[in-house]
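For reference, chains read A, B, C, D and E in written order, and residue numbers begin at 1 within each chain.
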Amino acid sequence: MIEIDIEKKLIGAQGKFNLKFSFSSDKNTFLSIFGKSGSGKTTILRIIAGLEKADRGKIVVNNKVWLDTEKGINIPPQKRNVGFVFQNYALFPNMTVLENILFAMNKKDVKKALEILKDVELEPLKDRYPNTLSGGQQQRVALARAIARNPEILLLDEPLSSLDFSIRFKLQDLIKKLHQKFQLTTILVSHEPQEVIKLSDVVVHIENGKILKVGNPLDIFKKKEVSAKFSFFGYVVDIKKADILYLAVINIGTDIVEVALTEDDIKDIKIGDRVLVASKAFNPIIKKAPLREP
Amino acid sequence: YAASDLVFAFKELKKVYKEKYPQDRIRVIFGSSGKGYSQIVNSAPFDIIFSANELYVKKLEEKGLTVSPIKLYAYGKIVLWTRKDSEIDVKKGINVLLDKKVKKISIANWKHAPYGVAAKECLEYYNLFEKVRDKLIVGENIAQTAQYAESGAVDVGIIALSLALSDRLKMEGIYYLLSEKCYSPIRQAYAVLKHAKEDKERFDTAMRFFNFISSKEAKKILKKYGFSLPEN
Amino acid sequence: MESIDFNPFFLSLKLGFVTTVLLFFIGIPLGYFIAYSKVRFKSVFEALIALPLVLPPTVLGFYLLLLFNKRGLLGSLWEKISGHQLAFHFEGLVAASLIFSLPFMVHPLISGFKSVDRSLIEASYTLGKTKLQTLFRVILPNMKPSIITGIVLTFAHTIGEFGVVLIVGGNIEGETKVVSIAIYDAVESLDYASAHIYSAILIAISFFTLLTVYILNKRFEV
Amino acid sequence: MIEIDIEKKLIGAQGKFNLKFSFSSDKNTFLSIFGKSGSGKTTILRIIAGLEKADRGKIVVNNKVWLDTEKGINIPPQKRNVGFVFQNYALFPNMTVLENILFAMNKKDVKKALEILKDVELEPLKDRYPNTLSGGQQQRVALARAIARNPEILLLDEPLSSLDFSIRFKLQDLIKKLHQKFQLTTILVSHEPQEVIKLSDVVVHIENGKILKVGNPLDIFKKKEVSAKFSFFGYVVDIKKADILYLAVINIGTDIVEVALTEDDIKDIKIGDRVLVASKAFNPIIKKAPLREP
Amino acid sequence: MESIDFNPFFLSLKLGFVTTVLLFFIGIPLGYFIAYSKVRFKSVFEALIALPLVLPPTVLGFYLLLLFNKRGLLGSLWEKISGHQLAFHFEGLVAASLIFSLPFMVHPLISGFKSVDRSLIEASYTLGKTKLQTLFRVILPNMKPSIITGIVLTFAHTIGEFGVVLIVGGNIEGETKVVSIAIYDAVESLDYASAHIYSAILIAISFFTLLTVYILNKRFEV
């Protein structure tokens, strides 16, 4: 159960703007926030965590009032049971990886800590200090630490941005699993549509502090351009001549496909263009694929 | 360079001297005699030394740093001193130190301060030293010893008469002059130093001041400030 | 030269340790407050703390004597508590040292507090740690060089200072005659041999104490 | 012109391993390094920049020897003309955005600095201090600063990871343009295949410090699973029943498509599965699309 | 009470400024070396720098006097250069102050250097900046609290210290009679009224000097 309705003045790239965000749900929702750089996503998470003051607003989580500017309530971050993965990780340099995790636990439980570390594939690094880790390793420690806290609400600020796809997918699954297992409310900031679609129940698209769209991920991300059932956006990587035809090499997501073009077509299309690839008459087959790097 | 106990006397001595020799400029630096000694040994720019302890001047002479004979200018005297509001009657004499009301006594450090040596001798003379030993607070020099007494941190101080006669202490306390027979005389000596020789004019001034101190006028002033005078 | 008396060394070290430990615990809340509070006149506080330093030690000692003797404000208070005044007692030396060494502890701590990354503190808060837990587990361990600086300067200065100690303590053997005073005495009585020996021993002890601090610190360094 | 051949012992999640990397090209190549978290990518860049010592190796850039452990040559980072975008940005907190950029220039040129800031869409923030910027804004300042240095070789350590797609695409174009205009050698670390494919001439895939594959991006990323011309990997987001058929909602890249399934098919496939979607008989159309957020 | 002589104030401030400025420029390379060098016996250096502190000031002064007088090592050298010995001259006071206030500058600077994020320094290097440019443009501006601590402690301690200054300087009016000695003199001659006034003025001047430092620093703070 969560109810958020906040407002705060910010100074952004286009001058002052007003951050206005509201969301409420009576289930344990997985909410994703999606939007341009500087649009106020991190600020929203920080206000929820109590690290920043809202000019006006109200936050109620699981029937506890965390913030109510009208009544002058603003309980400190220590009393809000959140797990926060910071954009810059904020690991404690004076503690090893394991100690970072243990520090987050109210009841120190080494076995559980090691399990979490295994989940993020860092168990062998447990006695290392954060500044001897690679960027992605640090990010995973940050995630593990937020999880170890056993929070009511998980605030994830681009928690997987420095990770390659294979581990990223695993950790997405982990987050999803935890979210369901512990009936968490989770708020994710991410730039990765795949991630947002995979994980979230609700997506909020904000721009310049204002909510542009709210909805379920499919509604938000399903394209409207053509009515075709099977169509994709992609980028032209290369155009090759093959016999009388031209072959456009197109990058769609993590895939590369080749599409035949006529001389006419290529007048309009050149390397680097963003294109829509669609099929009118189409009979797709679908086949389970192994989970691995392309 | 002059020992600290001369502070008050020298104000007047300087004034009188200035009247006699208006062209001479003299500057006095006060400090403990030991410090002055070390500084002079290490080529401090002092022309005359007035030491509360003849010994230092003698040592300087041994090192060939003096250019005049050593002369005594005064004997120091010691007194018991207490605040007027202390309810202790020092006039009763030295045995007052045994009084229960006297919990702490300040005394100058007998390891290097001449007034301290004298005070200790005096206590020993009356067989009091061991008895009051636990009450003793050792001041680093005679001025500090007086401060202890004056601030009330100790009940009685054994200090120099010259200090007890200063405006401030006269106002705030009462003193009892200790008999000169209980301690060996505090022989205070002075001499002109080698440094004065570097400059003719300075040397002349120094010699004039040297002679002035043994003049009748100067002796009168010293006496007024609580020093007894050498016979010569 | 007299035979070496080790009591003054013992007293000095005791004074140094007691003062450093007490100041550490006084300096931390004070430094924390000055570094993090948003009070308007914080600069005034910062400047005030350094002020005892600008007075000559013996003069500061003199003022403290007025305060600490049995008719003084603190001295009389202490007399009621403990039966004797502050002046001329070890407690008085400690009290005086606390005052004159305060800036040597507090100023380094302030700059240490300011150097700790704000986001670490925030992270600790979101993990449900109280301000106190955050202070001891996150802030202090991440400002170790400043703590070392504070401890070393305080310890060394307390050992070496004698102006204040001399006046407030009154050079009482076994109670307030610390080694700096013993050395001073020796020099004043032109007993240079003793002075040299005392100094050498003092320097050696201090050197090894400080070295231990540094090496221990290195050992536990990340 | 670049010639790299380095070796260094590292301690990773699976214990000690040997980082071994070599690459050479006599043109101004755009090289991408691709690989799992902790595989040694950042370390390679740091060795090239001179911030870390190689145990053994040689680096020659534009005929200047930067490192030759055999001859004992190791010129300091200051003398290596590199532009480095750090994974953690490393902006100077004591300088404004503009000052950060100017500091990187040998000849201070405010006009040029402002132009670069305009390129990364941060001109209005020029007088702000880095710690008042959002994560993505900081990352852009870091990129702008590296560019302003006018380097011979550009080292980009996940330079766009915190950015949303629209600005990301623009900055990819900017990097590409600069690479070509100034005849730079550029080395990019990125987890984003789209980015790697779009930008690079050569891709090196490393794992545990070893080079797994080298090649042009199409070769590396073209899938081998089926011979179909038009096939993609995707994730099953939802399975809906429609009449007698089932509709699988599949997320491919940033797109969502629906594929009809038979009862038989869905036995094998459930929500969350990674699937390959392909078409055998297929006649795609291709259409230019506006460059915008989904 | 005699009339107030402002010359000692002037001398004290001059001594404080000169010492602080010189020590700043000595402290920076020294602190830089100790904080960043990988020499094995660095801790020994760190401990050594604090040692002048543990000696009682007058005793330190006494040893310096031996060094600074015209037959001493440094004193004779200086005499060749400038025509007079170091002891009993203003230069001697400066030299002595440099030695006894060294730890107050160097230790805070060391902890400051250690607190600067390594990656900022690396970033500056990759931008082609020399070590010197990096030092002045990147490192020092990001350790300001430590610099302030160093400056404040050095300045205040130099103004207030009188033991060393008294012995090395010899209390010569207009040359080495700084205000701390003037106050000391006044107290020693039981002239408390003068002492109070001198102290009050000294504290006021110092307070405003320090406050200015803090406020200027705030002004330029990020």
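By definition in this document, contacts are C-beta pairs under 8 Å (C-beta built on N, C-alpha and C of every residue); 3 or more make two chains touch, one makes a residue touch a chain.
Everything numeric in this text was worked out from a predicted model, so none of it was measured.
**Q** Indicate the lowest number of steps between subunit B and subunit D, counting one step per move to a touching chain.
**A** Step count on the best path from subunit B to subunit D: 2.
**Q** Which chains contact both subunit A and subunit B?
**A** Expected: C.
**Q** In this assembly, which chains make contact with subunit B and also with subunit E?
**A** Common contact partners of subunit B and subunit E, which must touch each of the two, are C.
**Q** From the C-alpha centres, identify the chain that is farthest from subunit D.
**A** B
**Q** Name the two chains that are joined by the greatest number of C-beta pairs in contact.
**A** A-D
**Q** On a C-alpha centroid basis, what's the spacing between subunit C and subunit E, in Å?
**A** 19
**Q** Taking the mean of the C-alpha atoms as each chain's centre, how many Å separate subunit A from subunit C?
**A** So the centroids are 52 Å from each other.
**Q** Could you grab the centroid distance between subunit B and subunit C? Build each centroid from C-alpha atoms only and quote it in angstrom.
**A** 36
**Q** Using mean CA coordinates as chain centres, what's the subunit A-subunit E distance in Å?
**A** That gives a centre separation of 54 Å.
**Q** On subunit E, where are the residues touching two or more other chains?
**A** 58, 62, 187
**Q** Which subunit D residues sit where two or more other chains touch them?
**A** Correct list: 88.
**Q** By residue number and range, which residues of subunit B touch two or more other chains?
**A** Residue numbers touching two or more other chains: 35, 38, 144, 147.
**Q** Let me know each pair of chains that touch one another.
**A** A-C, A-D, B-C, B-E, C-E, D-E
**Q** What residues of subunit C sit close enough to touch subunit B in their complex?
**A** 62, 65-66, 68-71, 85, 87-88, 166-167, 170-172, 184-185, 187-190
**Q** Would you pull the subunit C residues touching subunit E in the complex into a rising list?
**A** Per the stated touch rule, the residues are 43-44, 46-48, 50-51, 53-60, 62, 103-104, 107-108, 110-112, 114-115, 143, 145-146, 148-149, 152-153, 156-157, 159-163, 180-181, 183-184, 187, 195, 199, 202-203, 206-207, 210-211, 213-215, 218.
**Q** List the residues on subunit D that touch subunit E in their complex, please.
**A** It comes out as residues 49-51, 76-84, 86, 88, 90-94, 103-104, 106, 129, 131, 145, 149.
**Q** Hey, which residues of subunit C end up touching subunit A in the complex?
**A** 117, 119-120, 122-131, 137-138, 141-142, 222
**Q** Taking the touch rule as given, give the residues of subunit D at its contact with subunit A in the complex, in rising order.
**A** 11-15, 34-38, 41-42, 87-88, 121-122, 124-125, 128, 132-137, 139-140, 157-158, 161-169, 173, 191, 193-194, 197-198, 217-218, 221-223, 225-226, 229-235, 237-238, 248-259, 261, 265, 268-269, 272-291, 294
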